[in-house]
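What follows is subunit A paired twice: with subunit B in the first complex and subunit C in the second.
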Partner chain A sequence: MGASTKPRLSGMQLQVLALYRGFLRAARMKSPEERSRIEALVSQEFRRNSSQVDRKNYLYIEYLVRRGKKQLDQLKSPETVGLASLNVEASQAKTS
Partner chain B sequence: MWRAWLKGGSKQVAKFSTKSEAKKGGFPILQGHPAAEQHAEEVVESQHNIQRNVNNQKKEFKIYRWSPNHPHQKPFLQSFFLDLSSCGPMVLDALQKIKSEDDSSLTYRRSCREGICGSCAMNIDGTNTVACRKPIDSDTSTATVITPLPHMYVIKDLVVDLTHFYHQYKLIEPWLKTKKPPPGGKEYRQSTAERWRLDGLYECILCACCSTSCPSYWWNPEEFLGPAALLHAYRWISDSRDDFGDERLQALTDKEVRLYRCRTIKNCTATCPKSLNPANAINKMKAKHRFARPSEKSDNEDQRA
Partner chain C sequence: MASVSANFVCSRTSVRLLNQMMTSKSLRLATVGWGRTPGFPRLTSSRFQISCAAKKETVDKVCEIVRKQLALPADKEITPQTTFTDLGADSLDTVEIVMGLEEEFDITVQEDNQDNISCIQEAADLIEQLVASKS
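This part shows the complex of A and B:
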């Protein structure tokens, strides 16, 4: 078809992408097995939020970006060795 | 001996006469502190109003709610009804009661409950104060609206992100910087007059009420330091034990935006819960900066004379 022009990304989208890039760069500084773990966790989180969170929900997106920036600052410091996450599933007790 | 008994007796009589005064609002222990006296009178008056209303009407509190755990819900004002006679006099007591009895998901910061830590700073009925020092308005016909500090990012309900505010405080280097070791190796001495200069500056509790009430700070939070940080900067400049006063002032005014974004709006002085005067401190720093610079005019006059 015709020449495909890249869609112009909004300021908020650029912020999210910059944050993602920051996480991947920080992961590069850590040990190889930690790096793969960090990359897996971060990409999983970002992909989940991109599908679940409404595009117009600016309040929540800004909140997530701010939280991510703080977590990135912690990860960037040389003392931090790695990243881990805990899955808390609200399991309802079924009585048979 | 009988003289001492007479004195004691007259004191007893004086006690009976001043008891009624105390009920009205005379607080002998607070003499010389007009702001504290006024505040104490307000509290006593509101408590009297509450005790007079025997029908126990409930007071409505409209509190700002937003939780990141429910991202699809927009922020809203939730109404709580509270019986004032069963609750302490201050807004923080009301919040504690609501949290313990009505809705335990209500989130707010609090620590000392006496107005010294600055944690519970929030916007109550349009004014920024610390909740533990603001008496509940006993008029039950209108609701009290409680919202977080204005123009700040909200983390949850009434909790607000103050990292940038603390970063700005760190920027002014709020510690003693000296060029020489202390005389005699013991401590840096200071006369009473020099210590008086710090009165009205050191009491700042960093509650962020003033900075978040300044429109200049709303529109330029990244550049303008805000009245709280500037008050502390002036506290260190005017400390006689600190040798780097000129350098501190220069660091502030090198980038003009840091100090000169102040337009003397004076919202900071009006809202300070400790009755301090940041606007005054900022004006003094501006004056110090302008008059300390040698201008060409004065040099010519010296040469002529």
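This part shows the complex of A and C:
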């Protein structure tokens, strides 16, 4: 590759990182235990998506970024005190 | 197919000479993006500056925070030139590290600066600059 030591991040990657940063900044403003919970959740979610979602799937990534922005706006509001998530695993029914 | 790679080597000798001449200037090395962004170097932030090495304790604190964030084993060696990717950090980890540094030094790193930080020395230099401009 080139001589630059900086990674060549695409516009979309920069958006995702900016969103992640926004979440971490918003988490600071909540209570300490809530903050660690938010950070754990957000980091888990972002990492899972980064490994599972195909990086060429621009449409889905844009959708996730949009959804993330809305969630971040909600989180920033002072009335919101926490973040929680629900994991639903779809079990495949075996048909014989 | 012949390929040419040009390496940026920050020659410390010339920096030292300049340091002797200009004692208290805090300057910053420019990494002018070669071909990364098409067009001209940005005129908004004048980046043609030379860096004097950040203070040792700043670098040590940065190393400390990096170790904690990435949960590195104690025997893993960190030099100021180590890039975060060498240590197995991805870009999300880098964001976390920068946030940790913001908190530790009570500074706010701007968006466009965040993307430039790739090794420990750069982080320490940026921190020094921000702390100096804040006080």
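Here is the rule we go by: the second predicted complex is superposed on the first by the 86 of 96 C-alpha atoms of A that agree within 3 Å, B and C clash if a C-alpha of one lies under 4 Å from a C-alpha of the other, contacts with A are read in each partner's own complex, and residues count from 1 in each chain.
Heads up, the rule we're going with is that a residue touches a chain if its C-beta (ideal position, glycine included) is under 8 Å from a C-beta of that chain, and two chains touch if they have at least 3 such contacts.
The structure presented is a predicted model; accordingly, all values stated were derived computationally and were not measured.
Trainee: Would subunit B and subunit C fit next to each other on subunit A once aligned, or clash?
Mentor: Fit: subunit B and subunit C sit side by side once superposed on subunit A.
Trainee: Between the C-alpha centres of subunit B and subunit C, what angle is subtended at subunit A's, in steps of 10°?
Mentor: That angle rounds to 120 degrees.
Trainee: Scan A:Arg66 for contacts with subunit B and subunit C and give back first, second, both or neither.
Mentor: In the superposition, A:Arg66 contacts subunit B only.
Trainee: Between subunit B (first) and subunit C (second), which does A:Ala40 come into contact with in this model arrangement: first, second, both, or neither?
Mentor: A:Ala40 contacts neither subunit B nor subunit C.
Trainee: Taking the superposition on A as described, I'd like to know which of subunit B and subunit C A:Val53 touches: first, second, both or neither.
Mentor: Touch status of A:Val53: first partner only.
Trainee: On subunit A, which partner's contacts cover more residues, subunit B's or subunit C's?
Mentor: C
Trainee: Examine A:Met12 and indicate which partner it touches, taking first as subunit B and second as subunit C; both and neither are also allowed.
Mentor: In the superposed model, A:Met12 contacts neither subunit B nor subunit C.
Trainee: First (subunit B), second (subunit C), both or neither: which does A:Arg25 touch?
Mentor: A:Arg25 sits against subunit C, while subunit B stays out of touch.
Trainee: Measuring by CA atoms in the overlay, how small does the subunit B-subunit C distance get, in Å?
Mentor: Minimum over all C-alpha pairs of subunit B and subunit C: 22 Å.
Trainee: For subunit A, which residues lie in the overlap of the subunit B contacts and the subunit C contacts?
Mentor: In the superposed arrangement, which is not itself an observed complex, subunit A uses no residue for both subunit B and subunit C.
Trainee: Can you name the residues of subunit A that touch subunit C in the complex?
Mentor: 2-9, 13-14, 17-18, 20-21, 24-25, 28, 43, 46-47, 50
Trainee: If we count contacts the way the header does, which residues on subunit C are in touch with subunit A in the complex?
Mentor: Going through subunit C, the ones touching subunit A are 5-8, 31, 33-36, 83, 85, 90-92, 95-96, 99, 103, 111, 114-116, 118-119.
Trainee: Given the complex with subunit B, which residues does subunit A contribute to the contact?
Mentor: Against subunit B, the touching part of subunit A is residues 53-54, 57, 59-60, 62-63, 66, 70.
Trainee: Applying the document's contact rule, which stretches of subunit B touch subunit A when the two form their complex?
Mentor: Within the complex, subunit B contacts subunit A at residues 66, 68, 71-72, 74-75, 153, 155, 161, 163.
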